[in-house]
Each structure stands twice: as structure tokens, then as C-alpha cells.
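Labels run A, B, C, D, E and F following the written order; every chain starts at residue 1.
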Amino acid sequence: MVVKKPEGLVLITPEGLRHDGRRPDELRPIKMEVGIFKNADGSAMVEYGKTRVIAAVYGPREPIQKFPLLPDKATLRVRYHMAPFSTEERKNPAPSRREIELSKVIREALEPIVLTEEYPRTVIDIFLEVIQADGGTRTAAVTAASLALADAGVPMRALVGGVAVGKVDGVLVVDIDETEDMYGEADLPVAAAPDIGLVTLLQLNGVMTREEFSRALDMALTAISKIVEMEKRTLRSGYVEAGGSEL
Amino acid sequence: MSISPFRPPITPLIVKENYLAMLGKGVRPDNRDLKTPRLIEIKTGVVEKAEGSALVKLGDTQVMAGVKIDVGAPFKDTPDQGVLMVHAEFVPLASPLFEPGPPDENAIELARIVDRSLREVNAVDLGSLVIRKGEKVWTLWVDIYVLDHNGNLYDASMLASMAALLDARLPDFEELETGEIVVKRGVRGEPLKITTKVVTVTIAKIGRYLIVDPNLEEESIADVKLVVAVDEKGRIVGMQKSGAGGLTHAEIEAALDLAREASTVYFKALEEAIAGRRG
Amino acid sequence: MVVKKPEGLVLITPEGLRHDGRRPDELRPIKMEVGIFKNADGSAMVEYGKTRVIAAVYGPREPIQKFPLLPDKATLRVRYHMAPFSTEERKNPAPSRREIELSKVIREALEPIVLTEEYPRTVIDIFLEVIQADGGTRTAAVTAASLALADAGVPMRALVGGVAVGKVDGVLVVDIDETEDMYGEADLPVAAAPDIGLVTLLQLNGVMTREEFSRALDMALTAISKIVEMEKRTLRSGYVEAGGSEL
Amino acid sequence: MSISPFRPPITPLIVKENYLAMLGKGVRPDNRDLKTPRLIEIKTGVVEKAEGSALVKLGDTQVMAGVKIDVGAPFKDTPDQGVLMVHAEFVPLASPLFEPGPPDENAIELARIVDRSLREVNAVDLGSLVIRKGEKVWTLWVDIYVLDHNGNLYDASMLASMAALLDARLPDFEELETGEIVVKRGVRGEPLKITTKVVTVTIAKIGRYLIVDPNLEEESIADVKLVVAVDEKGRIVGMQKSGAGGLTHAEIEAALDLAREASTVYFKALEEAIAGRRG
Amino acid sequence: MVVKKPEGLVLITPEGLRHDGRRPDELRPIKMEVGIFKNADGSAMVEYGKTRVIAAVYGPREPIQKFPLLPDKATLRVRYHMAPFSTEERKNPAPSRREIELSKVIREALEPIVLTEEYPRTVIDIFLEVIQADGGTRTAAVTAASLALADAGVPMRALVGGVAVGKVDGVLVVDIDETEDMYGEADLPVAAAPDIGLVTLLQLNGVMTREEFSRALDMALTAISKIVEMEKRTLRSGYVEAGGSEL
Amino acid sequence: MSISPFRPPITPLIVKENYLAMLGKGVRPDNRDLKTPRLIEIKTGVVEKAEGSALVKLGDTQVMAGVKIDVGAPFKDTPDQGVLMVHAEFVPLASPLFEPGPPDENAIELARIVDRSLREVNAVDLGSLVIRKGEKVWTLWVDIYVLDHNGNLYDASMLASMAALLDARLPDFEELETGEIVVKRGVRGEPLKITTKVVTVTIAKIGRYLIVDPNLEEESIADVKLVVAVDEKGRIVGMQKSGAGGLTHAEIEAALDLAREASTVYFKALEEAIAGRRG
């Protein structure tokens, strides 16, 4: 679907900068915080620019409403959900097809990381709420989930983080926002656990050549390494923010 | 269908008795007296993309509210008024007892109490929300989002809704030749016309004691609650008994006095939040 | 929401009478009947003027579809529901948000009255159908439920009855009908068990001063005493109707 | 998905055998012969706010029907006809086996049988319900409300629907300059144009016997039922085999004869109900 | 509901033939095939002209999601469902009221035939998908179900087959298609097991005299006998097609 | 909410080990090498009433797709484009593990992958589907119907969708004086304007091996899958990692090479199916 670009919007300036002044490989200002809720066993808030996601983890526990549990490992339940006020037009709070797909994709980004085999016949619930959506919500959600799981003390193979790389006016750019997503040519959301070298979420919407894809994936993995380092600092100090050259 | 709830965390009888002994001395385990709400923190403008928003912390309870404003059609019997919709989600991250799914009777009751408290005094002047009479009006969606449930969602949600409405600005718009209205999301226009602020004050009855702003533990041993909506002039603008108990006439009268007194604390917090915004 | 009053509608006459000729403290003609159904363990019909509600009670029993029962008392299940033909415009038979709220409010008006502790691990079902809605349906429903519970032989602390007091053109009036509800300034539905001095349902929609509220609640409780007396007569004789000065 | 029902109240085999022995003598436990329906009581005008209504008692079975009439758009392929909708609710107060929820396959089947029986003979002249061709027509909602289920909901529901339609009056209305139609609820206008009355007669097969108008106990031991819709002229205007059994060709023919005979009893009851109204 | 006949459409020619050239008692060309799927325990495809239905049978088995089973016989679960592309206008894939009713009617057409008492506490699933709808889908579905049950080796009292007889311009015609159904005066879908002389599905939509009905039922039973014979040939050889005078 | 699946048919560890041993020798139990898809059979025009249709057999997997075309309104932000909707049903006849009900996360994911693969390259030229700009456009419904699930529904569904679109013809229509568009169902008009064909190739990772087009048994022991959408020019036009495992960067690169190679097999099958149609 081709949505026409509004007049006057320049996605890449002659100097090679982006519409918000960032360099192609520059992340937005990032904030991370853990332990933001009293009830949840673990919780976190993650901001990539204006995109803001919160996460809460409950478990390992018995589910309230019984359902068949796995005999050899914990069951992960992941819900990615958008607040009705998080988007331009009010979002109906009933789960959309997009939210159902992304809940699956995010669960499958976390399954390889969580040591589920240590808690058979239990449930680990990971609830993700998008409070404000400005591009990259699914990847920010993976980062928030990683922090909340660690905050809850759930044993993990490694921390995982996410970022989306885009192709905008032919240029590969990291951590795209909503404007770049809407008027760009491709969107490549990636989540990975750098410490064990695994990509755990990978989608591509749009067109890339073989060579572009390799470069884009490299850019994503570099950015994710920074994000996961920031997760580690956050788990030590509770709250971290960084932007521009600090990242 | 409404079903007797299965699992309010069951509190042993001994806890309740100890609690009643404390209340007899006029003090609560969190060091409050019987008629004082918990600490209140109100932050507005927390969601830049929403036309209005607020995050309220009432003790450990956290509730967010967002206001989204769209162009819609008026109801047939009120062609000269905008539309106000209040919706509440008890999202599962807020409590170990919340499950995903459509709003249950508790979320629906909460939203409807907030809705009526606003509507019955025309707190938001709906008459000021008409773009073209009988055809195009502003529709306000107040979405209540419970983030951390540690008791008394009513008062926290009402505060968050009121603060978000005070924070809200109508979006700018353009009228095309075809008559269509195009909303310009980025551009913040006029604030909403708020005719009066409203708060609710929730009183719980435990044994023969009435306490203001119960926390989660207190709610679990309360016999019944009374939610009282009060406006700036101290008028009673709504009320709801909630919970599986009863109240005597005298208890109801006493609860109203407590509510009016405590409402001033909430109004003060609201004032400060808005003043803070402008400062 | 302010709905404009139709021209010519006088809610309070210069003589202080209401649009249907009643005095402010006068109830509508009331009919009560018990034992109207064969299947139900207890049943009742209640009319306040044109408002008509029927009630059926099943139980204490095991529920058809299993769900977790309470170990120390009976579970009450209450459904307040409006027939599609009961209202001006056809009502969609799917439960509305209003019906869900009122089911809860009515259940909580009955919980303090029913001796649920005598039947642990069972369900008592109370099904309420509004056949015609002309104001005061929730309070008539409480009255009908009280009769049907007694008809079913469910042990109760006391009978409970309901009535709505309104503020109409500044005057407090008892047992408001739909017209008074729609164009009045306030609506105070109350249910109470006079024999044990308990108010078990209390809502206020609209604005009252402190003093008005006290007076309105008194008016409601006086009316409810009459209604509960009438319930007692009905339980003895099966059917009672009364109106005007008889009440 | 349709699932073999779990709990028709299971009747011990011995009951069925005793029952068959009685049928062999031409009599039923409630003293009826095999071809006579139970006592019929029809009361119309039971819901003043509905445009038409009726309460039918068929033995201990009670069914109410209400007709609501609104202005709507016609279906695209029938611009010159009003709209008829039939809906049935098996509300849980009617039987210990009914659970709250959307209509199940039994309620849907019932509503569709009544709907087809009315529709196929144009019992309500839909052509007479046009306000502005292709744009505005009357929409009739027939809502069947089962109140006490003691067998043979088909015949009771069809009688209630028919009586409510005979009772119904189109509301008065006003056409605004804008072309909008404003319905004046209070004012009762013309009766509906009923081209023919229709009833259904339900025949149950138990062993090798055919019985008319089975009660609940008889339904629980019946092998199969045949619902036959008959109009005033005795024509067959609809039919439905219902239940997990089969019928021989000869049994079907015999059932049709029984249905036509019993239909006169139903038509007589309908006549009396309407006459009573006018008298 | 009377839908106006398009101009030029002649349902019965002066020669007594139908709009597609068939004689009144002539079936459309029929195809039957069994064993069309690998997963299902039994499967079949049936075509009556352009009407095409496929069937799959699973069981007797334990259901995936537990529900109360019958202690004395197998539970039949039947789903009649239309593919969204099977109709003129796209059909919403959520089950319609029509599909819910027909699932029941078809289940009750199969219950008298399947020897359910041989498999207590199990489920036999019969899934029917209308791939193309051109009249007579419910009766073709019964035929397909009969074949798939036999293909699955489910023990049966007899094979069952279905056909719809219509009244078109006053003439009784067998195996009506959608055009005849839409503009005709009556539609009589019938399913029967000729070998045991039982009619197991019978509906009438429309008006018939007593005499017409008897004749129409005879026509249906004659046609069903041919169809069931063809089922038997199909079960022997896997695939059969026939039309016109062969039937 | 997404929940770890309960029952992928659990394969004993020993099966997986034997399987890995075979893969080490470059061969699979069904005699394929690691990079070759199963036998492909594509039949178009299988549903005469649909505007386009196809049945695809990929080994024992069978998927049907139908294209229905209606007149509708364009989306507000794309007034000059038609509408494309992709929907998938995993009907219960296709697998002992499918239950009736609305599409689950797997069906939704599948439909969205096919949708994006078509949409992102504008495979169907949506700009060619405008009847009256901003008002009336063609709406294409691609309905994927899984009939027999024996592994790799992605590739089979994408092939079926693509073949059905290639088979599809816009219906003829008439514009009434009122401006209404009347679709003439019977008459087949122009074919759709397809700008490029797209296929997906699914690669499964089992142990350290990558295999193309996994069958059901292979899926049950695979650690993770990568679905890669490729267009006729060999460009990558979509991608989705699916399943509860991870991939290294090197594995992803290797999978892309496999995908591009195998895509030619799928494109060839598509070509033959269409040629067959015209021949």
C-alpha cells in the first residue's frame, strides 16, 4: 500500500540526515526503568523517542483459570496490547489481528531466552502495554519484556533487545519512527540476544536487495548490542536514559 | 450475569479483628487516620499523542487516563451536544487477579460511575462541542487504564479522568468544500470547557467503622463501600453502593460528611496538578 | 446529558401534583404475584404502574456448567435482562453495559439478605426479566427477586424491596416513571430490608443537596416499608394489587 | 457446530414402556387422547409499549411474543417490501436446563421455523410496509420469549407470534422536510395487513405412535418430531423434522393428517383471542 | 419473500423442460469421490452440478477440548460451513444462523444411521465444507457425510443420501439448483436411508398441497435411491461420475 | 494473548536423532535432498462462482484459495487505490488438531504474511482497481482455505493465493443513473493487473541443518522456521521468523540463498498452471 508523502516532508536531507535530525545509524533517545509496579513480580518501562511501552511479569505461577500446562517446561503467555489513547486515532481496545500476530511473534522472541525448563507445569505471564506508539513498538516491547523478566528474577539464557531498521528514500536507517515507517520502503524489526549470538525476532515488510538486507541486519545487531548493554546498566541502577552520542 | 466473586484474596478472620482493634484507636496500619486519603500524585500530559492525559498515583494504586477526540455524529435526541464516552480497561498487568478479556462487571461499573459523575453535572460542557448542529460534533473518549491495582480504583480513576479532561485540548481542524472535517492531529487548539470539577470519594465500612480511601487490604476485609461523587460546590452529584453488604441510614449520612470533607483533599491535588502544568 | 423536555409536558402542576396525577409521595398502582411458573423453584411478577418485571429462582443447586464454587457459602448468580420488546425502541437482546452493571448492583442488594452460608458449594440463580420498562425497573426487580426467593423457600434474613425517588422540577417524588426519570434532575434508586434496617442498594444519578438527599432517602425508606408489607401479604395470598390510598 | 445434546432429562426405560402401554390404549398420562393439543390460553396486548404482543399458555408451557416496529431500509433485492425479522430467546428463567448466553441451535431453529412459516405465504403482507420505495420501509421485529418450557415450544411460539402480529398496529409517523421519518410511539395507527393466519402443529413419534402437541415428558422419550406449518386453507406451508430419529413415508403422511386436523383447534383459539380483543 | 424473476428467465419451457434443459425428474450430473484427504479418517467430495461439498470424518476419538461425553454412545459433532468464496457475494466465514440450523438438521439426519452405541464416551466429528453453492447444499452435504463416514469405517445401519425437490412454476422438479430455488414456489430438502426405509431429514420451505407433497416426497425418495446406489459404487471404486440417462 | 502451544504432536527424541543422522547424509526420509520442495500441483478455476480460484497440492498438503471481488469504498488515506483483504481459515477438516472457531494466531499470522508479501510490492496493481476515485473501488477478498495440513502451509497458501489472483477476472458491471454500481456476476471481464508474482519459501532449521519446504513431521521437530517472500526478480519482499527458536546471522544468510534458489521451482509451477489455463 502506497500512502502519499505529505508535501514538504524530507526524509533524508542533502546532508544525509533524517527528518528529525538523526544520522542513519543513530538511535532515538532511550529511557529504561525497572520496578515501576508494586503488584507485578517484575516490571519495566522502555522509551525509544516518543514510543513508550510498559511491561509486567507474573510468575512462574499457577494460572487463575485452569488450562492444560506443559509437563516439561513453563508455558509463556504474552500479550502485546495497545492503549486506546496510544495512537493517532483512538484504538478499539479489543485485540486486533495485528496485536494477535505480534503477541505470537514476541512470545517466540522470548521462548529461546527464558529457561522455561526450570519451571514445568507453571505459567509465566508477560503483559506488554503500548502507552504511546511512534514506530518500533514491537521491538521496544521485546526490550521491555527482557527487563521485566530479569526484574522478576526469571532465569534467562541472555538478555534480549530489539530495534527496527528501515529503508527510507533508499537509505538504511536504524530505529525508525512512525513517519519513516509510513513513508519508507521497508521495515525490518529485529530482536536478538547478542551474548549468545541469536536472532529471535525477524520480520521484513517491504523490499530489500540481498545486499541491503545483510547490511540492515548488521545495523540492527549493532544497535541491539548497545540496547542490551543499556538494559544491563538499568538492571543495576533502576533507571537509565541516554541519547545521541552516548549510545 | 453477575456471580458472587470467587477470589477476593481471603483474609483470615484474625487479621480483620486486629484491624478492627486498630480502627478503634483511630489509626490504620499505614499510619493514616480514618478520614484521610493516601498520598496523591497527579501528572498530566503523559501521553503527547493523546489530546489529554494524566497519570494518578493514589498510594500504590496507579491509573492512567487518556482523552482522544474525534469528529462524529451527535445522538439523535441531542443534536446540539457533543458525545462523551468513558471506557475502563483493567489490563492484566495491573493485578495478579486480572485476566485478559473484555471489561468485566467491575470495569464496566467503574466506567459508568465516572461517566455519570461527569455527565449529570455536565462537567464537560457538551453544548460547546458542536461543529455543525445535528451533523458533526466532537466525540470525547475518556479511556481509563488501570496500571497497578492497590485499592480504591474509583477515586484514582475519577481523578485521572478529570485531570486528563483538564489537560485536553481540542485538535485543530479544517472544513473541506465537501463539508468533510479533517482533523489536524498535531495542532493543539482550545482547551475543553469544564463547567465544574468532580471527584469521587470512596468510603469503606469495616465492622462499625467508616474509612476513607481504602487500600487493597482494607477492601478485602470491608463489608461494603459507598462511592460518593462531589462537585466543587460540595454538592452530591452521584453515588453508588458497591459490595455485598448493607448500610444503615445513619451510616450513609456519616459517609456523606466524610466524603465532602475528603473531597477537598482531592480537589487540592487536582488544582496543583493543573497549576503545575501552567507554571 | 440534557434531553429537552417536550412542549406541553408539565412535570409538577401548580397544585403540586405530578404529570400522571400522583402526589409527590404516592406510589404507582402495584401488583404482585408469586408462583407464576411451573419449572422455577420460585417465581414472581411485580408491576409498578406500567413497569413489569418477572423473576425466577433456581436453587440452591449444582450449576449445569461447572465453575469454581464457594467453599463457605452459596454463590448467587443474578441476571437482570430486558426483553427486546420492553422498551420504546427494540432492545438488542445481547446484555448491554447497563444490564451488566445492574446485574451486579442487584446481586449486591440480595447478598446481605440471603442466608448463603446455609448452602455452601451450591448456586442460587436469580433470573430477572423486564417485560415492560417504564422507570424503576431495577428496584422493581429487587422486589420481584425478594418474592421469588421467598417463594422458592430460600432462607432469608429479611425481605427486601426497592423504589426510586426522583427530583423533578425541584420537587422530590417517590416511584418515578420513565418520563420523570428522563426529564427530572435526579434519580435515587434504593433497596432496603426494613425489618433489619439495612439499605442494600443505593445509587444516585443527578444532583442533590445534602438536605435533599436525606429527605429523599427517608421518602424511599417509607415507601419500601409499604412495599415489603405488600410482599408479605402476597406471600400469604399469592396475588395482591393496590394503588393510591391503599398504599 | 451441532453436538449431540448431553442432557435431555434421561427417562428410565421403564417409563417409556409404561407410556407406550398407555398409548396403545389411546390415552396419555395427562388424560388427552393422541391427537388433541393441551389447553390453550391466548392473551394479546400484554405489553402496552410494544406495537403488538401476546402471551400464550399451551398446557404449562408459556411463551410471550412482542412485535416492535421501526423504520429501516429495505433489502437491496426487495426494494418494494418491508422487513420481517424473527428472533427467539430461551431465557434461563424458563427451564432448569437453559443457560444465559446467545441463542443456541434450538432457539435459532425455532425462530427460523416461525420465520419461514410466516414468510413463505407472505402471512404479513410485506408489500404493504413500504413508506418510500427502495428507501424507507417498516421493519417488524417479532421477538419470541420463552418463559416456562414444558414442551412443544414450536406450536406455542408460532401461536404467540401470530397473535402478536394480529394484535400489532403500525405506529403513527411524521415525515420531516429533510425526508427523515419520525415515529410517534404513543399513537397506534393501522393494524398490519395479515393475508393469512399460520399455525404449526408438532407431532411426536414415540415407538410406533404419533401424538399431537407433546409435553416435556413426552418430548424426552420421543424418537423424533415433525413440525408442520398449516395455513387457514389447510395448505402445508412449511415443515421440519426435528430430533435424532427417522420417519417412514407412511408416518409422514399420517402426521400431516393429524396436523391438519389439530390446526383447527389452534385457529379457533386464535380467533377467540382476537375476537376477545375487539369485543 | 418474493424476489422478482429476471426478465427472460423461463423456468419451465412449453416442452416441459427446465431452464437448464433437464426433465422434471432428472438429476444434475453427479460426481462422488472418497479418500480425498490424508489427515482425515474418512473423506469425500460430492458434486451435484455446480454444487460441490467436501466432507471429512475424524473419530471415534477423544475430543481435543474436553466436554461432557455421553456414557452410552458416541457424541456426533457436525459442522456445515460455507467457504467464503462459495457464494455469489463473499460469505462472512463466521457461522450464520442458517449454518447453525443446518448443522443441527444434518446431525439429526445422521444420528439415526450411525451406530453410535458401539463407541460410548467418544466423539465422531463430521466436518462439511461447501466449496461452491448452487442449490441443494444441505442434501449434497448429507450424501458427502454418508460417504466420508463409510470411508472412515464408522459402522452404520445404512447409507443415507439427500436431494431437494422443488415446485417451480407449478411443476415438481427434482434436484433444484439455485435459480430454481430462488424463483420457485417451494423447496423440499429430503434425506433418507432407502435400505431401511427411513426419512432422516425433511424440511419444507414454501407451499404445497397435500397431494403435491406426497408426490414430491416420492420423487425425492426415488432420486435418493439412485444416489445411494451411486454411493455404493463410489465406495467400491473410489470415484464415480454420472449424468442424464445414466442416473 | 499468545500461549506456548500445548500439542505440537510430540516427537520422541530418538526420532529427531535419527532424522539428524539422515540430514547429515544430505537426504530426507521422503527421499528429497535438503533444498528441494515437495511435488507441486496447481489447478486454477476450481470454483466457477468465484472471480478467481486455485487448488494447490504441495506434497500431501492441500490449500484452496478463492478471490471474490465486490464494489466498495476506498480507505480514506488511499482514495486512488482498490482494497485487498487476505483472510485464512484453518477449517477443522484439515487436521485432527484444528478446532472450529474464529481464526487463531496461526491463521492470522499466515494471512498477514501473505497479505504483506502481496501488498509491499503492489503485486496486484491496486491503482488499477479504481472505479470512481475516492468513492467506488474494487475490493478483492483473497480467502485461503486449508484443506489438508501436512506441513508448510505458508508456501502452499501463498501459491494458492497467487494462482487465484492470476486466475481472477474483474466482473462486468453497469453504472446506474443514480451512480450505483451493479455487478454482473456471470460475466467475466478483464484479468487483474498483476505487476509481479510473489512466492514464499519456508526454510526450517533442524539441529544445524536448514531444509526447504518442511513437511508436517519435519515441522514437529524443527527448532524454528524462516518464511522468505521472493518476487520474480529475486528480490526479498518479506520475511518472518516463526517458531520458538533463534537463528544466527549466518544461518539467516544461508536461508536466503536457499529461498531464492527454491523460489524458481515455485515460479515454474505457477507458470505452468497459468499456461495450462490458456492452452
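As a working rule, a contact is a pair of C-beta atoms (placed from the backbone, for glycine too) under 8 Å apart; a residue touches a chain by one contact, two chains touch by 3 or more.
Every value quoted in this text rests on a predicted model; they were computed, and no experiment measured them.
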TODO: Give the chains in contact with both chain E and chain F, ordered by label.
DONE: none
- [ ] State which chains count as neighbours of chain C and simultaneously of chain F.
- [x] none
Task: From chain F, the most remote chain by mean C-alpha position - done: C
Open item on the list: For the interfaces D-E and A-B, which has the higher count of C-beta pairs in contact?
Closed with: D-E
Open item on the list: Please tell me the distance, in whole Å, between the geometric centres of chain B and chain C computed from their C-alpha atoms.
Closed with: 27
Task: Chain centre separation (chain C, chain D; CA means) in Å - done: 31
Task: CA centroid of chain A to CA centroid of chain E, Å - done: 52
Open item on the list: For chain E, give me the residues that contact two or more of the other chains.
Closed with: 79
Task: Multi-partner residues of chain F (each touching 2 or more other chains) - done: 1, 100
Task: Graph class of chain-chain contacts, one of line, ring, star, complete, other - done: ring
Task: Ring walk, chain C to chain D and onward - done: C, D, E, F, A, B
TODO: Going by the contact rule at the top, pick out the chain E residues touching chain D in the complex.
DONE: 1-3, 67-68, 70, 73-79, 95, 97-98, 100-101, 103-108, 111-112, 116, 186, 188, 192-193, 196-210, 213-214, 217-218, 221
Task: Residues on chain D engaged by chain C in the complex (per definition of touch) - done: 7, 46-50, 53, 60, 62, 64, 66-68, 70, 87, 89, 91-97, 99-100, 102, 141, 143, 145, 147-150, 185
Task: chain E to chain F touching residues, read off their complex - done: 37-40, 43, 50, 52, 54-56, 58, 61, 64-65, 79, 81, 83-90, 93-94, 125, 127-129, 131-134
Task: Contact set on chain D toward chain E in their complex - done: 1-4, 6, 77-78, 81, 105-106, 108-109, 111-112, 116, 119-122, 126, 224, 226, 229, 231, 234-249, 252-253, 256, 260
